[in-house]
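After the structure tokens below, expect a handful of questions from me.
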Amino acid sequence: MIRRREARRGGLGALAAVLLVLPFVLPNTYYLNVAILAGLNAIACIGLNLLIGYAGQISLGHAAFFGIGAYVSAILTAGQGWPPVLALLAALVLNGALAFAVARPILRLRGHYLAMATLGLGIIVAIVLAQEVRLTGGPDGMPVPPLVLLGWSPPGEAAWYGIVAVLLWIAAWLSLNLARSPIGRALAALNASEIAAATAGVDVARHKSLVFVLSALYASLAGSLFAHYAGFITPAKAGFLQSVELVTMVVLGGMASTFGAVVGAAILTALPQIFATFHEYETIALGAILMGIMIFLPRGLVPSLARLAGRR
Amino acid sequence: MLETFLQFLFSGITAGAIYALVALGFTLIYNASHVINFAQGEFVMIGGMATVFLADAGWPIWAAAPLAVLLAVAVGVALERLAIAPAREASTVSLIVITIGASILLRGLAQLVWDRNFHTLAPFSGEEPIRVLGASILPQSLWVLGGSLLAVLALGWFFGRTLLGKAVIATAHNRLAAELMGIETRHVMTLCFALSALLGALGGVLITPITLTSYDAGVMLGLKGFSAAILGGMGSATGAVVGGLLLGVVEAMGAGFLSSAYKDAIAFVLILVVLVAVPRGLMGARGAERV
Amino acid sequence: MSLLEVQSLSKTFGGVAAVAEVSFELEAGHVHSVIGPNGAGKTTLFNLIAGAVRPSGGKVRLDGADITGLAPHVLAERGIGRSFQTPQIFAAMSVAENVMVGRHLRLDRRLLPSLLGMPAVDRANRAARERAQLLLDQVGLGQEADRPAGGLAYGAMKRLEIARALAGDPRLLLLDEPAAGLNPTETAEITALIQAIAAAGVTVVLVEHDMRLVMAVSDHIIVLDSGRKLADGTAAAIRADPAVIAAYLGQAQ
Amino acid sequence: MLGLKNFLAASALLAAGALAFAGAAVAQAPIKLGAVLATQGGPSFLGDPEAKVLKLYVDKMNAEGGIAGRKIELVLYETNGAAADAATFAKRLIAQDNVDFIIGGSTTGETMAMVPEIERAGVPFVSLGGASVIVEPVKKWVFKVPQTDRAAVEKVYIDMKQRAAKKVGLLAGSGGFDKSCTDNARALAKTHGLTVAADETHGAQDTDMTPQWTKIKNAGVDAVLYCGFGASSVVVTKNYAQLGLKIPFYHNHGSASTRWIQGSGAAAEGVRLPAEPVLVARQLPDRDPQKAAGVAFGDAYKAKYNEEPSTFAGYAYDALLLMADAIKRAGGTDKAKVRDALETTKGLVGATGIFTMTAADHSGVDVKSFRMVEVKNGAWRVLY
């Protein structure tokens, strides 16, 4: 246990160090932009990892919560003139309520059936966002007013980077705290054996609901911030492919590893940028790398590499 | 009214038969390995695209189609041998990500080797619609429907009557026990991927005259096929067909009687309701977990 | 007064009765055993009592309160602990963490302090860890506390399950074949362990095939055959029961 | 120290990644043209021909000595139509590639996502997106080539009225292109004396649209406008023929390609749509100023890619023409001067229209340049 606490502190320290150094080594605002997007994805992935990695419950519809976060922020600030922070909180409440309402019936399902149910849920949300043109602007999307915090609006990439970096660090810190609490152990327990966890006194349904809501809140926060940062959103951000991308980030980085979620998000956000100049080879390279990592490091990057490093 | 209803029904059956064919491919691989192959839609795409391009190069359809199917089978075998078998110890989710990677890779290859346009094939027996009580259905839809039924019968015979098929079932139930009984589970897995690719590609050839095809046609087909397979109960061949047809008919009725803008949402709501009521799909395996 | 009262409990799976009209009472502080040939319904009986399976009919009362069909985690809260026929351990966790999960109900489970990593959570974790070490020492796994549980031998997993169940401070402990797959030395250890648990005031129910173990520790034995109760009484009485002998001899030959 | 190791490993990977995409040093001499096009996914029917044209004509212009003696260097980023990616690529073109001019956003969504960054940085920008929101209200740096989809709908409605239609049915796909078209169709119906009697939608890559057609038929409409593109536009047309419908049937310019006719076969006969001149350049009368440009463009495209250009290919060509014209008149690549020159474009004859920009109009073409065409014997015929 002591060893682990140190590892947690070391990891959080390293994360802080990387986040602090990054803006000084990145050559221009474009790189900062990629870092911000990676950071926002990472926040969503840390939440998703609580659900998939720790509790072992797959969700192929998580982009829906990201999308709802983004659209609630967009609609309330652009259409209703709400202050952005209030809109962001409203998005959290709405997403939390939605996740809570669907959690119990849906999380009774297991494995591929759960994958199907969450996938269906995500698609339904994406369809609503695309069809309700009057509210959401339809498939072509809608503009979002800038973020305002206590009368201050982040003027550019650097300020945004600061906000996202701080929130990312806090998100990781909360996730690591939860993981080593009795709740975190209960999640890992129900992941391994639901019946054994229940027999040990873990209210399985309640814990599944709890982690589902929590992961929805992470996605909602990331979505609201993304909407204000990008200044424009489309329903594609809530779609099936986006959900698959989030899951892929978590699995690629390493399941049940908070830092893995961050690394997975960073890599999958940066990779398309690296390959952007390959044009028709871009998709081939992306697919091949994804397969290669999962074949040779099936536990995901961070846990597999940590294991290799530990062996030496 | 009857005419309208019949037309919706025919539309549903046309779409449903297509979903059923794709769902059967999912079922086959799932039965042998409990892997959900997210590249299943790409097998369908390869079948369609390869046939189109061979036909464009002057090959007659009766030669182009088998060759295209053969190509898909080769891809299926390669996928199993190069990507799934080496990662046998990986978790289910990791395997899903591998197949997602494969689907991205295959799409990338298809747009490089072929192109990014949509293509079509001439219908096998003409375009003259068949009229029944004022509603109409294309002859090609009957080809697709017949193909699904034939596939179900063939699979039923394969799993129920042949030694090889029984070996597949045994492998699915308990790999270790199957190996102890002398079954080469390695080959069983490869065989299932090959068969699944064959089924998918055959479906691709049959449906292209109706739906057209393009390098990314597999995404939506894969999604709908997966939904159909789950709705019917993953692992059941009959369930795949029932799920496919039901999904198609619900979409058509939803579009016709409720709202065409929300027809996909209506279909997914139905799937959610079914899963909440019957957590293992309509015809999925029943029984309590043993502890 | 009896701790657990089972009244015409039944369970059918697809028309086949796994447990049929079984009734008995368990006296507090004693060691009870459920024996019977394979397929007699012993594990199903456990599953019914511990809430893993909902009964088709009948009643279960704990200390006079009706607990029929309650969820496993509620029953755990009421004081029922159990182990499984095939060990259900949390393989990815350490041995000590497995036991700490068993302590779940006695810990601070509020969300906010957990997220914020408040000192109270640390304190609870430390206390749970200490308690886990004590229990692991008791089942003979004290040295393995920090190893991954998935790497344990089969017999050790069975003992780990007992430690995990004890961590919840149960009043009633159901042990499903604790001695299966153990060598004679280990069986002797488990025998002593069961006696120690009972001596501490926990009511124990065993499902076990090892008759020597059963006869050595049991105050009271229930015999099941094809889902029905065949006999019910002290070890000596059961040994002399002609119906039991017939059933067992019929089985053994 | 597990976590630290994790993190070191991760940072190393990231660093390697960063190195890999650190670009080469910026060269001064050439004109840097940035482009963001949706060559993949649903809208690839737009982006794919557009990218082909840019590659073809940048090479062609360079072979002919470039613009005002300077070569053009094309920096092209491809998307699948995702607006978020387009925004990132806009930042990349501006901050990383230091481009002088940006063409793209094949779709309205991409364009609108790129606009905030482009307006902030101040780079002359010509969009290939269709919706009118792109230039209404006028944004300082943003121009566009395609006629607004509103103009296309108006052209169709005028033709419907001439055929004495009163009730119109709408059928559309679910993409942004489709939705924007139907929105206009709903809004404009009244002013053209039409009522929308049926309003149906199909999903992306749907396999059968006969339910929608049945509902439209039962609504007793006099004419139908389809808003969509790609494989779906073929399936819709085939289903129309399958049901034996005889209602006057219009597509919007999403189907304006030879590929669509080939895919639809006999079912396409009699379908009308509003098209830019490039699609039917050869049939235009010789006195039509657009004939020469259109024919030359079509021949060059066909020679290189062995297919007829769609109208979308024409958009990219015209965007290039607008850029070359503006840079020549601005006497260099000073961004503010190029922008001012763009805004004073006058009578520039392109493949899809004749462009005259003003401070109030950053689109520059009007309804007159649309031609109404009809499919006859498997080919486009100009009606008027």
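When the chains are written out, they are named A, B, C and D in that same order, and each has its own residue count from 1.
Keep this in mind: a residue touches a chain if its C-beta (ideal position, glycine included) is under 8 Å from a C-beta of that chain, and two chains touch if they have at least 3 such contacts.
In this text, all values refer to a predicted model and were calculated from it rather than measured experimentally.
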| item | value |
| --- | --- |
| Longest centre-to-centre distance from subunit D, chain (CA-based) | C |
| Innermost chain by mean C-alpha position | A |
| Winner on C-beta contact pairs when B-D is weighed against A-B | A-B |
| Mean-CA-position distance for subunit D and subunit B (Å) | 34 |
| Interchain centroid distance [CA atoms averaged], subunit A/subunit D, Å | 34 |
| Distance between the centres, which are taken as Cα means, of subunit D and subunit C, whole angstrom | 70 |
| Of all residues in subunit B, the ones touching two or more other chains | 111, 219, 261, 264, 291 |
| Residue list for subunit A, restricted to those that touch at least two other chains | 131, 195, 282-283 |
| Residue list for subunit C, restricted to those that touch at least two other chains | 52, 84, 88 |
| Sites on subunit D touched by subunit B in the complex | 39-41, 44-45, 48, 174, 200-212, 214-215, 218, 230-231, 234-235, 238, 241-244, 259, 262-263, 265-267 |
| Of all residues in subunit B, those that touch subunit D in their complex | 4, 7-8, 10-11, 14-15, 18, 111, 116-120, 127, 129, 136, 138, 207, 210-214, 216-217, 219-221, 252-253, 255-256, 260-261, 263-264 |
| Residues on subunit D engaged by subunit A in the complex (per definition of touch) | 1-11, 13-14, 17-18, 20-22, 40, 76-78, 81-85, 87-89, 91-92, 94-96, 107-109, 112-113, 115-116, 131, 133, 174-176, 178-180, 183, 201 |
| In the complex, subunit A residues that touch subunit C | 1, 173-174, 176-178, 180-186, 188-189, 191-193, 195-204, 210, 256 |
| List of subunit A residues in touch with subunit D within their complex | 3-4, 6-15, 18, 25-31, 33-34, 37, 130-131, 133, 138-141, 143, 226, 230-234, 236-237, 257, 259-260, 262-263, 266-267, 270-274, 276-277, 279, 282-283, 301-302, 305-306, 309-310 |
